[in-house]
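Listed next: structures, encoded as C-alpha cells.
Presented sequentially are two complexes of subunit A, the first with subunit B as partner and the second with subunit C.
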Partner chain A sequence: MARDLRRWVVATLVACGVVAFALLPPRGAAVTRAGLVFAIPQSTPARLRAQALAAEWRAADGAARLLDQRARARSVLSSPETRKLSVTVVLTGPQSIPREAVARVASAMDSSWAALGLGETKIGVLVVIDLAPGTTSGPAQEAPMYLEPDSTNRTTCVALVPGGLYWSRFILGTPGQERERPYFVEWLRASLGPCAFYATYGAPSKTVRRWLTVRQWDIGRFLSTENPVRRAWSSTDMLGDPRYGWYWERIYTFSPSTVACMAGRPAGCRALVLRGGGASDGAGRADSLPRIVRTEPRRWWQAQDLIPGERYLSDVARTVGRERFLGFWGSPLPVDTSLALALRKPVGEWTAEWQHRYTPRLRLGPAAPVTAYALAVTLGVLVLFGAALAAQRRQVR
Partner chain B sequence: MRALLAAVAVSLVPATVAAQANRWQRQVQEQLERVSPHARTTKTGVLNLEESEWFAVTLTAGVSYSIIGVCDNDCSSLQLVLATPDRNELVTDRRGENFPVVRFTPAETRDFRVKVVMDACLVSPCWYGVAVVERQ
Partner chain C sequence: MSRSAWVFLLMSVAWANSAHAQDTTVARLRARADSLARAWREAGALANLVDSLERARAGEGRDTIAVGALRIVTNPSPLPLRQAAARAWPVIDSLYGTAGADLARRPYIVHAVDPDTAAPRASFHVGLEVPWDLDEASVVTLLLTNVPIAPPDLALADWLGASLRPAVRSQYDRATVYVQLVTAPSAAARRCYLGDVGRCADALGFGDPAGALERWYPSSGERRALVIGSFAEYFNRGATATAFRACAGGSDSDCTELLRGLTGNALPKPLGYEARTTLVHLALRLGGRDAYRRLLANPADPLAARLTAAAGMPVDSLISRWRGQVMSSRPRPVPLPVWGFAVALGWTVLFAFCGLRSTRWRVT
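After this line comes the complex of A and B, so read on.
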C-alpha cells in the first residue's frame, strides 16, 4: 500500500473515532438515582413497611371519622332551621376553642364559598378541621380526606382537613397574623377538594365518577371559577426553570406519555387524561366504588402524570362554561366522548394546548446539540482543507 | 372513641334565615300541592341521575287511582312504574316528561310497589315527589 494512501486511511479512522467519541451516547451503564438530587429518596424495606402500615391506620381512622362526622351533622342539618345550609365547618381539637376562632373561620369560609360563586347548593359540604392534630391517641392525618355523597346521604360531602400547626395557630388566634387571612381563605378553598365540584356541579354521572375514583381525583383537587384566572401556585412551580439541571432531572422521572404531552403531542395528552376512563377501568359498577377519597400526603406533585393535573378539571370547567361542563359532568357517555363534546375539540388536542400554557414545549427527537453541529462543521472544513492541500501538492506544473 | 374535647359547628347562613325546606324541596312541595291537594299518599325523596327508588302503597279494590310524579326544576324526565310486590310491572309512564301519571284500578285490595326513576337531572341530585290520588 502506498504510503500516502495509508496516511489517508489512518486519518479517516481517527476522524471517525473522534466523531464517535463526541456524538455516540454511552451504552450499557446502569441507571443510578444517586445523581438525581430531587428524586424521591428510597427508603429501606422495613421503613417502607412501617410507612404503609401507618398509612393504612390513618386511612381507617380517617374513614371512621368521616362517617362519624356525617352522622353527627345529619342531626344538625336535618332540623328545619339549618336545612338550607350549604357549607358547615366543624372545628375539632383537644382544647377549648375560643368564640373568636369560630367567627374567624366562618368569615373566611364565607369568602371561600362566595369566591366559588356558591350560595345554596344541592349538595352541602361539611368541613371538619382538625386543630393541632397528633395530640390525641389516634394517628395524625397528614392530608385531607373526603367522603363523597352516597345512597345513604346524597346531599352531603364531607372533608376532613388537618389544620397543621400553622393554620391551627392562625385559627386559634395567634396575635399579628391577620395579614395571613387571604392565604387562609385560599387554603380553605383548596381544602374543599372534590367537595367543591359536588357543591358546584352536583353529583357526576356514573361514568365520570368511575373515571375520577380510579384516578383518586388527581385532576380535580382544586376548583377555581375565576375568569380570568389569576396566577396562583401550581405543581409546575415545583418543576423549576429549564435552564437548570434539576428541571431536567424531573423531566427524566416522568412517564413517556407525560413527556409526550409536554412536547405537544396530542396522543400522549389523551392517554394521560383518559387514564381510568375506559370501560374496563373501575372494576365493576360505579355504585361499588369506594366513596372515600384520599390524597397523597407527601410530594403529591411528584406522583402526578398530568402537570399541573390538580387544575385540569377546574380549567376545563372554566373554559367551557357551566352549561357545557354540566353536559359532560352528568353524561352517561364514555368520558372521551362526553369530554370532547364539552371541549368541542379532541381531548388530546385541547389538553396539549392547555399543557403549553403551563410548561414550555419540550423538543423531542434526534436533535443534535449545538456543540455537535460545531464539531461536524469543523471536521468538514478540515477534510476539505486537507483535500485541497493534497490536490495542490499533486498538481503537475 | 376519639377524644374530642371541643367540637364547634360554624353555620354560614344567618340564624334569622329560617325555612322549612331548601329551594328544590319547596319546588316539589308546591307542585304536589297544586296537582293533588287531597292526595291520599305522598312520598318525597331525592335521587341522582339514573337512580331509582321503590316504595310501597296499599290500594283499595274498585277504586280508580292516579299516581302522579313531580320533580324539581333541574329534572326534565321522571318515570313511574306501578308493580306488584314481587316487582312485576303493571302500569308504567316512561314518556320522558317531568310529570308522569299512571292510572290504575285494582281488582283486589293489596299492597303494590311504586318505582321512581330519575331519567334526566341537570344538577344531581334532583328532588321528586309522588302523590297517590283517588279519582272521582
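After this line comes the complex of A and C, so read on.
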C-alpha cells in the first residue's frame, strides 16, 4: 500500500475513534423509566368467584327471560296484523313506560328495519329492550342475548337487549335527544344480531347453524348494508395505528392463525373461518331444545380471532349477492364447500383479500421490504460506480 | 278420520309436548337463576369482606414511613421512599394545606418488588407495585401523582377533567397553556391572549353552556377545523358520514349541525386540562392553608364562586393573575449557539480541504 494512502487510512480510523469517544457513552446508556408501567392490583379470588357467579346468573336469567318473552308474545305474533310487521319491540322495566317512549322506539326500529332492506319476513323478530339496568335481584345484564327459532317456534327470533343507562334515558326521554336519534337507530340495528340474518335469509341449514352455534355467532354479530366497509365502525378501530406500540402489543396477543391471516396467508384465514365448521358439537342436540346465543359482555373484540370477525358474514352476503348467499345459507354441504361455492374462490384466498381491506398486511419474518432491497442495491451500485470512476481518473498510466 | 286430520292431531300433540318442555325449561332456569342470585349475593358479601381484610393485611409485617401527614406502608427494600417522601410532602402540603392532614388516615401501600421481570412475584390486591431500583426522582413523581387524597365532588372533577394532584412540572404546564392560547382554533382563546379576561373565563369553561359553540368557535373556519381535526373518525361513518363530507367540503351548516349533535359536554373547551389545573393551583396558593377545604365546602355552588371562596378574591382578579402568569411563561425559542455555525463551517472547510489536498496514486 502506498505510504500516502496508508496515512489516509490511519487518519480515518483515528477520526472514527474520536467521534466514537465523543458520542458513545463508555458505560452504556442510563436506564430510563419513562416507559415504566406499574402493575394494576389484581382482583382477589373471592371477587373473581363473585364475578363468575354473576356471569352464570346472567346466562340463566337471560335464557329464562328469552323463553318467557317468546311464550308471552306467541299470541300477539301469531295474529295476521303483527305477522305483517315482522319486528316487534317490547320494552320492559319496573317503572311505567310513557307512550312517547313506545312511539320513539317503534319509529327508530322502523328506520333500522328499512335500513336493512327488510319488509315482511318469514321469520319475525321480537326485540325485548330491558330498561331496568341493575334493578332486579341479580346483577345487571350487560350484553344482548338471542334465542334462535327452534321446533317450538320456527318463526320467531328473540333478542334480549339491555338498554343500559344511556339508551334507557334516551328511550324514556331526555331533553335535546332528537340529535341522538341516528345513533339510536344504528344501535337498534346492531342489537338485532343473529336475528337480522334470520329475518333476511331465513333459517340456515343444519351444517351452517351448527358452525355458527359452535362459534357463538362471532362472525355474524352485525348485518350491515353499508358500503364501502371501511366507513363503518369495526373492531379494527380498536387496534389503533401501526405507528404506535399498543398496536403491536395487540398483534402479539393474537393466535398464530390470526397473525398469519393478517399477513395474507390463505391457510391461516381458512383455519379461522372454518373453526367449528366440521364440529359435531350439538349434532345430536334435539331440535326442540332452546338455542341461546350469548355474546361476550365486555371487550368482545379482544376475544376475536378473525379481525373484524363481527362483519365477516355480513360482508360475504353483500359481496356474493342474495342468491348465492342463500345457496350457501341453506346448503347441506360442509361449510368449507358451500362457502367456497358461494364465494367462487377458495375460502382462505377470499378471506385473505377481505382481511387486507380492513388491516394493513403484516410482514412476517426478518425479510426487509422489497423497496429497501432496491434502494440498497441502487445505492451500492452508485457508490461502486463513483469509486471506480474516481479511481480511473486518478490513475497515472 | 282423514289423513290430514291425523297429521294435525300429531302436530298438536308434538307442539303440546314441546311447549310443556319449554315451560319446564323456563321453570328450571328460573330456579337456577334464583339459586345463583342467592349465591352471588353471598359471594359478593364475602368478596367485600376479603377485600377489606386484604387492605388490613397489606399493612401487617411491613414498615410504616411517616413524613408530615404522609404514611407509607411498605416492605423492606432499597427503594428510597423516605427521602422521596421528604421531598414530596412540602409540595403536597402546599397544595392541600390543612386538608393534607387527612392523609394520615389514607396511607400509600407500596409493594417494592424485584426489578427482574423473570423473578417470580406474589400476586397483590391493594396498593402500588414498584421495582425497588427506581431512582429517588421517579419515586417523588410516583408519590405526587398518586396522592391518596379523597376524590373531589363530581362537579369539580367534571370541570377539571381529571384528579387534582400536585403540579410536577408547573412551568411546563403554564408554557403549554401559553401555546394553547396562541394556537387554539378558537376566538375565545385568542381574545383571552389579547387581554380580555371575560373571554378567558369563557374559554376556561365558566360561561353558560348554552351557546358555547357560537361563543367558542364563532367562525365557520374554526368549526370546520374542529370537526375535521378532532372528530374525523367519529363523524366520518354511519349516519353522520354524509354531513361530515359536506362539512369537509365547506358546508358550514353541516359542520354546525354535527357539533350541535355532540352529547353532554363533549364539545371541546378551547383551553385544555392544563389551563384549568394551573388556575386551581394558583387559587389554592393564593387562598392559604384552608383554601382546599373552602374549594370543596359547597359542591352545589357554581365553580366560579367556589374558586372565589378558595382564592379569597374575585374570580376575575384570579383569572387576571393567572393570565399574567401564563403570559410570563412564554416558551423560550430554541437557541442556536453561535459556535454551532462555526463548527458546521469548520467541518465543511476541513472536508473541502481534504478533498482538494488528496494525492493521486499510481497503479503498480
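Couple of notes before you dig in:
Following the convention adopted for this analysis, the second predicted complex is superposed on the first by the 298 of 397 C-alpha atoms of A that agree within 3 Å, B and C clash if a C-alpha of one lies under 4 Å from a C-alpha of the other, contacts with A are read in each partner's own complex, and residues count from 1 in each chain.
Just so it is clear, a contact is a pair of C-beta atoms (placed from the backbone, for glycine too) under 8 Å apart; a residue touches a chain by one contact, two chains touch by 3 or more.
A quick note: this is a predicted structure, and the numbers were derived from the prediction, not measured.
Residue contacts after overlaying the shared chain place A:Arg47 against subunit C, while subunit B stays out of touching range.
Legend: residue contacts after superposition of the two complexes on their common chain; A:Tyr183 is shown touching subunit C, with no touch to subunit B. Judged by the touch definition given at the top, the superposed model places A:Asp4 against subunit C, while subunit B stays out of reach. Legend: residue contacts after superposition of the two complexes on their common chain; A:Leu67 is shown touching subunit C, with no touch to subunit B.
Contact with subunit B, but none with subunit C, is seen for A:Gly330 once the two complexes are overlaid on the shared chain.
Within the superposed three-chain model, A:Val87 lies in touch with subunit B and out of touch with subunit C [touch as defined at top]. In the superposed pair of complexes, A:Pro139 makes contact with subunit C only, with no contact to subunit B.
Contacts of A:Ser255 after superposition on the shared chain: neither subunit B nor subunit C is touched. Touched by subunit B in one complex and by subunit C in the other are residues 61, 137-138, 151 of subunit A.
In the complex of the two chains, the subunit A residues touching subunit B come out as 61, 65, 73, 76, 80-97, 101-102, 105-106, 109-110, 113, 120, 122-123, 136-138, 149, 151, 154-155, 201-206, 326, 330, 332. Taken together, the subunit A residues at the contact with subunit C in this complex read 2, 4-5, 8, 31, 33, 36, 38-39, 41-47, 49-50, 53-54, 56-57, 60-61, 63-64, 67-68, 71, 137-139, 151-152, 179-180, 182-183, 185-186, 226, 231-233, 237, 288, 290, 394-397. The residues of subunit C lying in touch with subunit A in their complex are 15, 18-19, 21-23, 25-26, 29-30, 32-34, 36-37, 39-40, 43-44, 46-47, 49-51, 54, 123-131, 133-135, 138, 142, 233, 236-241, 260-261, 263, 358-363. Interface residues of subunit B facing subunit A in the complex, by the touch rule stated above, are 2-13, 15, 17-25, 46-51, 74, 121-125.
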